[in-house]
Amino acid sequence: MSRSIHGFERRARVAEAVASSGARGARRRKLNVMLWLPIAWIAFVFGCALSADWWPMPEPDYMDFLSQGAPPGTTGEVPIGAFESSEGLEHYVFWLGTDMMGRDIVSRLMFGARVSLTLGLLAPLIGLVIGGGLGMAAGYWRGMLEATAVGVTDTILAFPGIVLLLAIVFYLGGSLLNLTLALGFLTVPAFYRVARANTLTYAEREFVTAAKAMGASDVSILAREILPNVIMPMLVYALLIVALLIVVEGVLSFLGLSVPTAPSWGGMIAEGREYLDEHPRLCFVPAFVMFLTVLSFNLLGDRLRGLTDVRESNI
Amino acid sequence: MLTVSNLRTHFHTGRGIVRAVDGVSFNLARGRTLGIVGESGSGKTVLVRSLLGLLPSTAKFGGETEIGFEGRPLDIRSETALNQVRGRAIAMVFQDPMTSLNPVMTVGAQITESLRYHLGLTGGEARERAVALIDSVGIPMARQRIDQHPHQLSGGLRQRVAIAIALACEPKLLIADEPTTALDVTIQAEILDLLARQQAERDMAMILITHDLGVVAGRADDIAVMYAGRIVERAPTARLFANMRMPYTQALMNAIPRLEAPPNTPLRTIGGRPPDLVNPPPGCRFAPRCPRAESRCTDHEPPLEGGESGHRFACWYPVGEPGAA
Amino acid sequence: MAKFVTLKLLRLIGVVFAVSALTFVMVAMLPADIAYDIAGQDATPAQIEAIRAELGLDQNVLVRYGHWLMSLAQGDMGRSFRSDEPVLDAIWSRLPVTIELLVLSQVFALLLAIPAGVYCAYRAGSRFDRVLGSTGFGMISVPTFVLAIVLIYLFALRLEWLPATGYEPFSEGVWANLRTFVLPSLSIALVEWVPLMRTLRSDMIATLKEDFISMAKAKGLPAWRILTRHALRPSSFTLITILGLQIGGLIGGALIIETIFALPGIGRLLINAIYARDYMIVQGCILFIAVGYVVINFVVDMLYVALDPRIRTAGAGG
């Protein structure tokens, strides 16, 4: 027994040595680029999603029957902004062209970012709060609480996520609220594990023992001593979850099971698929935007994880 | 048969260059045993691993390093050259039999492997040879043992298996790196006797490494004492014990564990710690811990030079001569 | 070891039970009465009553769950509302396609991951290792369905090497059948292999520092032989865990891949049933997939035992 533990520790140390060896100085610049580029792209997508209403462009659903399947750079006459409030047709350049129904791709991409980001960011927040809270409690008090929580999360994890999601969408309907709740629910076990593992490592530290000795209550120890240490690794982990959820939302909208009323990247890819042979850009432009966004969150999460030092082996 | 000349093995690490072995030279004749003794961290393992190219890629050899084996130069920087001698001509037994055997392969598979690869034996032949080998290293019920995994064997048996593996292809030189340090005291002598017996029967040369002068006392023809990457004293065994010149060797001598001491007591009886090999102290590397040290010791490095009949030592004020004062 | 297996077996039963309850509760929680949904808009109240009775909706939830479990135990999962096909038959007839897809994609993923992981560990830090590491990172950011479309575009539409969609049964010949599976399984494998490769690489780097590898080197064995015979097996325990963990994602991937490539597997059955609001099929598929997933995980645990002789004799502690 002790031997295998010993072996495991040595393995961890070897892994650390591997990770920290190599020319650090030379990688420094690359690391910074790999940190700032994703941040820039995410900020850009965010900006687009927030400001989509204010740009001089047609609504995402407006169909210009004269410019169906128009290539990038084509010009047309469209109402700018919301249809009712617009002042007649105006000259407009379809920078990325239109889809086969004559809808502006730029406009659809910008509005589509809203669904992706809303789901991608709100759902992890639910998982973060519930899973994080549970995980901290389980890691701090241990005992029955921990055993029960492990049982419950194991059962959730026993379902392949996407199937559970389909079940929820099917039985309860695919509104934005339902989807957010369902996806949030699915992320609970993951956050639970990160929170518990990190709490376990901090619960025995001197500053916690010291706080206890000074008569601090459990709740105040959790809030003041443990939370500040556990929150960073969880936030970093959340970035990876966001990347995952953007993909999941893409899958759902690709299948036509996501929020039915809003334009979405996955939906654009699904529609473009019909014309893959003649107009591959209809698929590949939204696909590329989605890829860049997912990649950015992944990169950011990965780099920051290296900095905040989450031990995967504890999870 | 083995000549090591000016071996330098340096590790290039983030902290700087670790001069683990820094200019070691010695010869070893056919059928003889050389004992290498030194505190833990003095570079013994790195020295012998260098000879077989068993170090991580951060290890670099000095430009003047030259190794000769059986009259021919051996290029220790070349995997191809090393693979000509590894296993067939030079074999090695490692310190900890708990980690040196592959946990997921049977004992038999680990022995027959080199028989089949080097000697081209078929499965059946190799198996018979393996049984004979296991038998010859004193493991009872060889036929049953051969199909067991290492974790089913005790430490002593495992080390015997490791010895059997090393002996499989009849090597000319056997290197044993602290083969008993990880074992129970009660079986240490058995393993050492086994090694000595095999060496005599097969007429092998042997390098026996230990941190315990007592271990090599009756078993080595010559002894080299290492400190901080260098050989600091070297002599035929009887001579060395009769007339130790290095204060360091003498300290080692006083540190030989006595019978009543608990087993595996670490060697901490010499005051102070071995020097940092990134920035070794100037002059004699033992000076900071040496009771006889004078200012000359830190100013000039003592060369490894002889007294009579092959006795060499690197010390300005050797034991048995009056000090500087 | 007996203790280890019993423990895992008990967990298996517990989780299967929980899964069945969850699946059932979901149907029981339906917001609108499914009887209306099934009967259509212009059904008479009598018809609706009949359907409700048939489904047992007029009874207490626990009674219904009991009944449902009983018939499940007899292999009766009900019938499709649309085609009247028994649910279990529908699933069984689709199962081979899904299994073939899952197995082939895992095979492709391992064929990519093992050589790449071994070589990258052997030459850790080399240019090849770094390039492959970054490529892998990029690839896991490509959603499976996007990758599928890219592959269709390249290999089916532009190069015309392989069919874009469709399915040929085994009876049409092995090659004809395999051709229809190449792109679907590659779509999954090209994403799945990355974590496998990374895991193997990092475990292998740790293994290569072990004493027994030095020992194998000291025997004078060539590098490839040390890597494959000595280092690979002790480095593959985490790989197998990851393989098991990925199966959940894999089943999810198979759902959408079957839909994109029009492969008549369970995923497509489920998705189509969702479109058609065919409750019994949906319920059956979900239950089946969830239980299948739990069972596969159990098998993975057992594989662990087979691979590591230390667990085989020592017991759960290891």
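Just a few scattered comments:
As written, the chain order gives the labels A, B and C, with residue 1 at the start of each chain.
Rule of thumb we're sticking to: a residue touches a chain if its C-beta (ideal position, glycine included) is under 8 Å from a C-beta of that chain, and two chains touch if they have at least 3 such contacts.
Note that the structure is predicted; figures quoted are calculated from it, not measured.
Between B-C and A-C, more C-beta contact pairs join the chains of A-C.
Taking the mean of C-alpha positions as each chain's centre, the chain lying farthest from the centre of chain A is B.
Distance between chain centres (mean CA atoms), chain A to chain B: 56 Å. Mean C-alpha position of chain B lies 53 Å from that of chain C. Between chain A and chain C the centroid-to-centroid distance comes to 23 Å (mean Cα coordinates, whole Å). Multi-chain contact residues of chain C (touching two or more other chains) are listed as 209, 310. Residue positions of chain A with contacts to 2 or more other chains are 21.
By the touch criterion stated above, chain C contacts chain B in their complex at residues 209-212, 214-223, 225, 229-230, 233-234, 307-310, 313-314. The residues of chain A lying in touch with chain C in their complex are 1, 4, 11, 14-15, 18, 21-22, 151, 154-155, 157-163, 166-173, 243, 247, 250-251, 254-257, 266, 269, 273, 276-277, 280, 283-284, 287, 290-291, 294-295, 298-299, 302. Across the complex, chain B meets chain C through its residues 49, 52-54, 56, 79, 82-88, 91-92, 94, 96, 99-105, 113-114, 117-118, 149, 151-152, 162, 165-166. Within the complex formed with chain A, the residues of chain C that make contact are 11, 14-15, 18-19, 22-23, 26-27, 29-31, 124-125, 137-138, 140-146, 149-150, 152-153, 157, 202, 205-206, 209, 247-249, 251-252, 255-256, 259-260, 270-271, 274-275, 277, 282, 286, 289-290, 293-294, 297, 310, 317-318.
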